[in-house]
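Letters A, B, C and D name the chains as they come in the text, with residue numbers starting at 1 for each one.
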């Protein structure tokens, strides 16, 4: 696998907080931000382009409550199939956190923006000027 | 199990949309709204009270892209242990949708608002004036 | 003015709540949803199409705290200039609320999706098959 | 006025984007984050404590579309009355942006968390161990 793991940093916003801690849905926004950093680091489009990634399945373990402050997220491409790829992500209190606040497995596929039909990972890479795997 | 399944209805907001469809994190807000309807239907506190539910694990399958419009969500208590309960939720295009857009398993626990320590499901029920299971 | 006022209904979601009431930013999502209903009622595109509306200025008066429950929003086109239009919006506790929770003036312009350049209101109407004003 | 202006930095998240640019409601989340930084810098509570600030009126001018990337926000206390204070905020493309993307005036009051009744700014300051103005 030629894609190295990528670390992203993020600040919790007051609007992320409800019932005293970060809302469970907002955690997925944090994870998505970290994947965006991963795609950008590898020169791959995330929010614009003719083929874009989309999440097909997410498994998220909320291990500790998250409060206001900075967090960091490690994102790693764990598997890549023809149509689907799998990210493993871990979220920590920044900068020293050792025990993860959240761990997640996020399965993604690729869709053509115009026709909303699935594409292969290799087609996505080719569209971004990268060689097939 | 004495808790019947509950149906909730919801409108997609433009702010839920990104990259042409409902954002994957926003889907968890929809699911949470439907669980709030479930708790309220059964006379149980969700956003205020001395003991509140919190999500410990979510498994979400995004089966179809979701666009502007109304949706409905079926929420069912599938398992209840001493400290953890499990919801199964299915989201459909409202009102006629038969094939789910999203299916999810959401594991929840209960936490004391003051001390942030876990409570049992029975303690949560008792706090809400309901008999233990 | 041939555009009548439009009423929208909306449910507050738990994720909208922070610090005990609906977050101030989330109120703008509610107002945007109501404008989307207004555009749709009048056969006008809001989230897709070659020319889309965008907010250039918002003045929002938060008159009462908003809690979980249903709300309704009245949206009225108050002024229409060549490039800018002005909406007046009032939000109420649904269905009986008489005193507004929020009142807002929202100024909007129109932008071409491809070139991000401003268009006139008449160009937007023509694009949607409506006669110029 | 003994409260100096405060600069905050923030990353746009993919979930903030809709219709090709940052959603207008999300801009208020950014502004709120910057006020939270302002309150914290001055040793004042924002998300917990017996008295909390709440927004009573916001006037927001959206001057340019905002895209993915880092932004910075300057927050300044412009006026302080007995019950209300006024923030002036300017948002820039980080780190070099000179022309503001957004400017805003945000009026805030103070509410007791228990009884939801208004408090004076001096009561809020006293609660946070600060001398009255």
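Note that contacts are C-beta pairs under 8 Å (C-beta built on N, C-alpha and C of every residue); 3 or more make two chains touch, one makes a residue touch a chain.
The structure presented is a predicted model; accordingly, all values stated were derived computationally and were not measured.
The pair with more inter-chain C-beta contacts, choosing from A-B and B-D, is A-B. A repeat of the B-C interface exists among C-D, A-D or A-C; more than half of the contact pairs are identical by residue number at A-D.
Inter-chain centre distance (chain B to chain D, centres taken as mean C-alpha positions): 32 Å. Rounded to whole angstrom, the centroid-to-centroid distance between chain A and chain B, based on C-alpha atoms, equals 23 Å. Multi-chain contact residues of chain D (touching two or more other chains): 14-15, 17-20, 23, 25-26, 29, 32, 47. On chain D, the positions that touch chain C within their shared complex are 18-21, 23-29, 32, 47, 52, 54-62, 65, 111, 113, 116. Taken together, the chain B residues at the contact with chain C in this complex read 9-11, 13-15, 17, 20, 28-30, 32-33, 36, 46-48, 68. Residue ranges on chain B touching chain D, taken from their complex, read 14-15, 17-19, 23, 25-26.
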